[in-house]
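One structure coming up, written as structure tokens, with questions to follow.
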Amino acid sequence: MLKIDGVTRRFGEVTALDGVSLEIGQGEFFALLGPSGCGKTTLLRIIAGFETPDSGTVTLDGEDLLGKQPNRRPISLMFQSYALFPHMTVAKNIAYGLEREKLSRQEIKQRVGEVLETVGLTAHAGRKPQHLSGGQRQRVALARSIVKRPRLLLLDEPLSALDKKVRADMQLELKRLQNEVGITFVVVTHDQEEAMSLADRIAVFDHGVVRQVDEPVTLYERPHTRFVADFVGANNLFEGALAAEDTLATEDFGALRGRPLRALRTGSKALLGVRPERVRLGAAAATGGGLKGSVLDVSFYGGISHISVSVPGRLKPVLVAVQGASEVKPGAEVTLDWRTDDAVIIPVDQ
Amino acid sequence: MLKIDGVTRRFGEVTALDGVSLEIGQGEFFALLGPSGCGKTTLLRIIAGFETPDSGTVTLDGEDLLGKQPNRRPISLMFQSYALFPHMTVAKNIAYGLEREKLSRQEIKQRVGEVLETVGLTAHAGRKPQHLSGGQRQRVALARSIVKRPRLLLLDEPLSALDKKVRADMQLELKRLQNEVGITFVVVTHDQEEAMSLADRIAVFDHGVVRQVDEPVTLYERPHTRFVADFVGANNLFEGALAAEDTLATEDFGALRGRPLRALRTGSKALLGVRPERVRLGAAAATGGGLKGSVLDVSFYGGISHISVSVPGRLKPVLVAVQGASEVKPGAEVTLDWRTDDAVIIPVDQ
Amino acid sequence: MKVSIEARPVSPSRGRRLGAFVFLAPGLTYLIVLLLVPLALVLSYTVFQRGRFGGVVYEFTGENFARLFDPLYLSVLGTSLKIAGLATLIALLLGYPTAYLIAQLPRKWKTIALVAIVLPFWTNFIIRAYAWIILLSGPGLVNSGLQALGLEPVELLYNEGAVVTGLLYSYLPLMVLPLYAAIEKLDPQLREASANLGASAFTTFRKVTLPLTVPGVMTGCLFVFVPSFGNFVIPEILGGGKTAMVGNLIRTEFLKARDWPFGSTLALALIAVLLVLLLAQAWVARRA
Amino acid sequence: MRRSRLLYVPFWATYVFLYAPIVVLVVMSFNSGESAYTYEGFSLKWYADLAADERIMDGLINTLIVATGSTVIATVLGTLLAVGLARHTRSKTLDAVALVPAVLPDLVLAIGLLLFYGMIQLTLGLYSVILAHGVFAMAFVAAVVRTRLSGADASLEEASRDLGAGPVTTFRKVTLPQLAPGIVAGALLAFTLSLDEFVIAFFTIGNSEQTLPIVIYSMIRFGVTPKINALAAVLLLVSFTAVIVGQRMTKIGESRAQD
Amino acid sequence: GGGSTNSAETAPQATAAQLNPNADLAKQSLMVTVWDGYTPKELQDMVKKELKISKLDITIHDTNETAMTKLTTGGDSGIDVAFVSGQYAQALNEQNLLEPIHAELIPNLSNLYPEATQLSYDKGNKYSVPYTWGTTGICYRSDLVKTPPTSWNDLLKPPAWAEKKVTLMTTERWLALPALKSLGYSVNTAKDDEIAKAKELLLAAKPHLLAFDDTTFGDRLIKGEALMVEAWDGWCPTTDAKQNIKFAVPKEGSDLWVDTMVILKSSKNKEAAHAFINYILDPEVHRWAAENINYKVPNKAAMDKVKIAPGSLLGIKPAQLLDGEAIFDLGQASTKFTRLSSEIQAD
């Protein structure tokens, strides 16, 4: 459906996008993930028509998009900064796009009413944006772009200002729009859980370059590069070289077990990654091939606890996640290990 | 240190704050949590001096704050909408507060340099805010307020636009400021994990009213009210009446086990709450007092999987969280149960 | 609302040319026909000679330009700069705080205060100038007041001070209105942020409000300076005919000496001076 | 946020400065004596005199026609021009051209227009003044509107385009309301300047009409009479009334728009 | 009256149109430009009634200069008859803009004083007909001055009691007049050294003046703001009931100025224009005009009938006026006076 090909955009010395190519299918829920300033907003603005790439093409169903005026593109963009019309009430803001389609008053009223209900702002319909809270504004912006039911919906951090409950409701609504109305989504989010749970596929950006495009579980479990392994989800990475099929030889920790992502020559440099929730925590006395370390810090995050374990020879502590409140105390000596299948060996891109 | 007493603020018919009283101690990291539009920003604006309460008092170390001009309060506020000076570069924005303190050029330069380093924007020092990405702007706003090292730092959603990595770095920095510099923090966040992991204490707001103030683990494990139980973290709630000391009698699910938060008369209405990660998932065949249901949906959120189980007699499915990718498939028949100590019985406020 | 965010340059596209046409064509056409052509007619006179009994004869001469550098005209230029500059400066000092406070008034009062600024100007400039004569003249109100207090009457009228007062009075609204338009749109949160960072009201003004309203200040100064600089009625009425400004010279050349070529040359010089000032201003603005 | 009290000094100074002469004018208009300087007693005779003066009344009507006509032209074209200059071109030359009428001495414009009208053999009338006033008034409107436009949030316009509005609708529905205070200020300025304009009107008006400034200019050359003060007072009263009525009307309009 | 129309001396010869003495005036209309208050209010109605022309528009100019601009700029001004001072009539004629006067259509020319037909700017009334005339002198408060003025030097070097209480005119020829006359020069001089001397005198005078003023000097005298002013006789308010105001022509002499009526060559209503001028020159009409505007008219038949109010200057006789020097246009040299006036102002 949407095809982005070799798109590059520079601002002075900054290269916001560097030869980005993506293909997004009809009805897909596509997420863009990447560090702050990596070019996500810029890409959305190019698709919506507010930025022109220095090179590259963008087509929608084979038709060139770049030559089209923004208002002629069947695309809605929700702006990261909301861009609500300050002189219009919430209801008017939302109705704006529908009025442009020359729908009947009746229908506009109904659809605005429905979407207000959806975003939980029925009571605020008559207020001006400057009299809303941050989260309320964000919901108005969201409502304004979804009410049009465009073929392609571009959302730039749509839920970043919302609390968990409202956010969950909104996520459900987005999913519903995708399934029932068949809208294609491109969503920028810094919230990895959100990307993981909502998106059919995720593109990971870094410095204007697409590092990997994959389904969430694949991305999480089989990162192609060090960047992705490190950026997506928490990870414990160990450097070394492939010693045998399932073993990474490291300088400081000896042999570590894991499964290579693809066939690698023995001796080539590689990285072993193991997720915190895959690390098993044992008492220090336990024998066997585990790493030994001492607990630095235990912190409780709602349903899970994160334990950081300092392991001699490593700068960064190893992170371990356990469900519920943990019983280990800072200072305790522990051993760490994991199943071979729970760790991946990633070739190092030279 | 900071004492807020009976503060009320109305906007027309909206009561943004309704008799809010809080006491925040020296060097504490205090978080405000609550649904969008519940009055968090309004409270911060009152403390900073940009909004005047209709009634109530605010004192800092016993000294009345309300009579003081905003610029005479030893308080920094990071605005939810950033409020960066568009005509100044990033460096100038950050230096602004220091210049007001008449520090030497030398010192200003050094401190700006340091904080730029901290927020990872050294390369952007010379740019104007309009040439920054959303997350970069947020970091400038954060840098601008922390560089002053005020006695009290008010942060309104300081990290909402940041990706996980940068956010973790910033969180560390805030912790460091708290511990090393001894700054008192009041932080608004919609991110519960953030609140849980950073805050010493959390106040939960709802519709302008403080519902509960407690340490994170207490709040999570011993919510006083239905609102808090439901709002903080995911929860599975069952309504009923206290049957025996450890048992809640429900209409649809029979007796459920859990520990009451405080002494309750038998027969009084109550609510049983059990966290998703405390629910044990068994095969359908398993006998014993568990609830029976069928798996509706399994979704994978990074390190954990959420399984929703539809239980006859309940509108909302019961949520179960397990570590890693789960093996159960939608449609499977399962039983659910939990240890008595893992569930709490909450009195229902009438 | 987030600052004035995402004001990234709109990149060029086909539709923009149409937009440019729709927006620019009507006004520019109007200006070309009713401004540039007439102006060209006048300016073409600068190279011709005065007829024996006035008007113009179409014989080339460079004499008009040579005459400009006569110390007489240079000194008039100096006086005009001084008087118009002073009027502009005072207008700014009075007008800025006024516009600033008007912008913060509640909506209803805002309109009233704004209209009150222009209301006196819906009478007539000559009547207003004469009102100042009533106030300032020898037997006028101010002196009567002084005498009632047992003080010596002072010379208030028919000097440069009176001219500055008159110009200020005539053009003060031209300062207030653009300033108001500029200040009113400022995001109040920026001022809050500044106060929060420890800036006093004055510092906030100096560091945030003022720099962000520089375009308004420029417009206001332009609106006051230009008509003051080219004025001839006020110097005549309130200056007692004892003060000459460039406007008086031009008026004299066109209407009295009927020396249109030299009058046009003076007009060209005046425009040139203003242009130089504008360029200097733009340069300063860009550096700031 | 509290404001510095010091600011109120220039604020009130401005209003006192603006209204002191006005008060004097009004008081003197009730003077029973002939002198414009010494108040001798109360009388309405100057108002009677004024009412009987057809020239002044005709002048007043002509002035209002001219000011209204030129303000309409200037507001429409000036606003379009400002938006065009700010959003649709980067040409510094065009920017400069739009400012020329504001930096041009009235007299030069007056002479130029007179020559031009003569060249095209236009018979002068009120409309030739309207067109002439349109020139400078447009420059003022454009400058004020541009001031407001500079730094305005362009993403609002983008949002509008994104929601399916073309450039014209975007202009009408988003840009225009944002600019409204600037446009009102500009129009007010244009109207005010035209009401008061003398030199250009003098040269470009037809021989059978006069605007009020022309009438007053020729009257006053032969001495101030309190009749002129009475005229000033009446003009003020009319303006006040117009403003108050206007205020009421907008309020009614707004309360209607609420539902 | 001098009715000859074809003996030009210095002026370029204008070609006369063929006019029809029996033209139907009802088909013609007139546009006249004149100073405000320089014709009686009722004139418009009376002209229409008497001449039976279809329409009479009167438009106002405030100074000679603005009248000149209207008449010389651009295309057809639409004006048929203009009232301008003599030297400006001369300048208009030099530019070939005036219709020669067809004396045969203005029998009332014979009512003029013979002297008024031989004035230096237009000997023989070839293109202009005088409407009013007068001189320039010192108008003063006889009750407030210590000694009545007799010399232009009383204005140029005012005594201590008149410090900042005197005015001179701004219009350049009249600005120069007191100085030129006190130095014994001609008001029509074009000699650089004479003009330079006059300038010195005026520069020395400037600090002692209240203002330069040629419109409201009468007012200032009445208010007591000024004690002595340079004034045209017609505007010296000697008839003001409340104040003692007198007029004196200084001993060094003064000018003779004439405001005239001219017909524009572009006029399409030339017969009506002549009829209009003829009507003005009717003794009864011209008398009535003089009494109403307070300026003397060069019409013997009319002046003989004028009722002269006490204190009025209407009684000054033509012989006295003719002592004054008639001002005429100096062509290129008139720019010297412009420069003089600019220099005085800029100082």
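To keep things simple, chains are lettered A, B, C, D and E as they appear, and every chain counts its residues starting from 1.
Everything that follows uses one rule, which is that a residue touches a chain if its C-beta (ideal position, glycine included) is under 8 Å from a C-beta of that chain, and two chains touch if they have at least 3 such contacts.
Keep in mind that this is a model prediction, so the values were computed, not measured.
Distances between chain centres, each the mean of the C-alpha atoms, put E farthest from chain A.
The chain pair sharing the most C-beta contacts is C-D.
Averaging C-alpha coordinates per chain places the centre of chain B 92 Å away from that of chain E. Rounded to a whole number, the gap between the C-alpha centres of chain C and chain D is 15 angstrom.
Each chain gets one centre point, the mean of its Cα atoms, and the points for chain B and chain D are 56 Å apart. Chain D and chain E have Cα centroids lying 37 Å from one another. In chain C, the residues that touch at least two other chains are 1-2, 4-8, 10, 15, 137, 139, 192, 195, 201, 212, 254. Touching of two or more other chains is recorded for residues 49-50, 69-70, 81, 86, 131 of chain B.
Along chain E, residues 66, 69, 223 each make contact with two or more other chains. Per the touch definition, chain C reaches chain B in the complex via residues 1-8, 187, 189-190, 192-201, 203-204, 207-208, 211-212. Across the complex, chain C meets chain E through its residues 50-55, 72, 75-76, 79, 137-139, 155, 158, 236, 240-244, 248-249, 252-259, 262. Across the complex, chain D meets chain E through its residues 35, 37, 111, 114-119, 121-124, 202-203, 206-208, 210, 214, 217-219, 221-224. Those residues of chain A that touch chain B in the shared complex are 11, 33-37, 40-41, 80-81, 131-136, 138-139, 156-157, 160-167, 190, 192-193, 196-197, 216-217, 220-221, 230-234, 275-278, 299-304, 306, 321, 323-325. Within the complex formed with chain A, the chain D residues making contact are 153, 155-156, 158-166, 169-170, 173-174, 177-178, 180.
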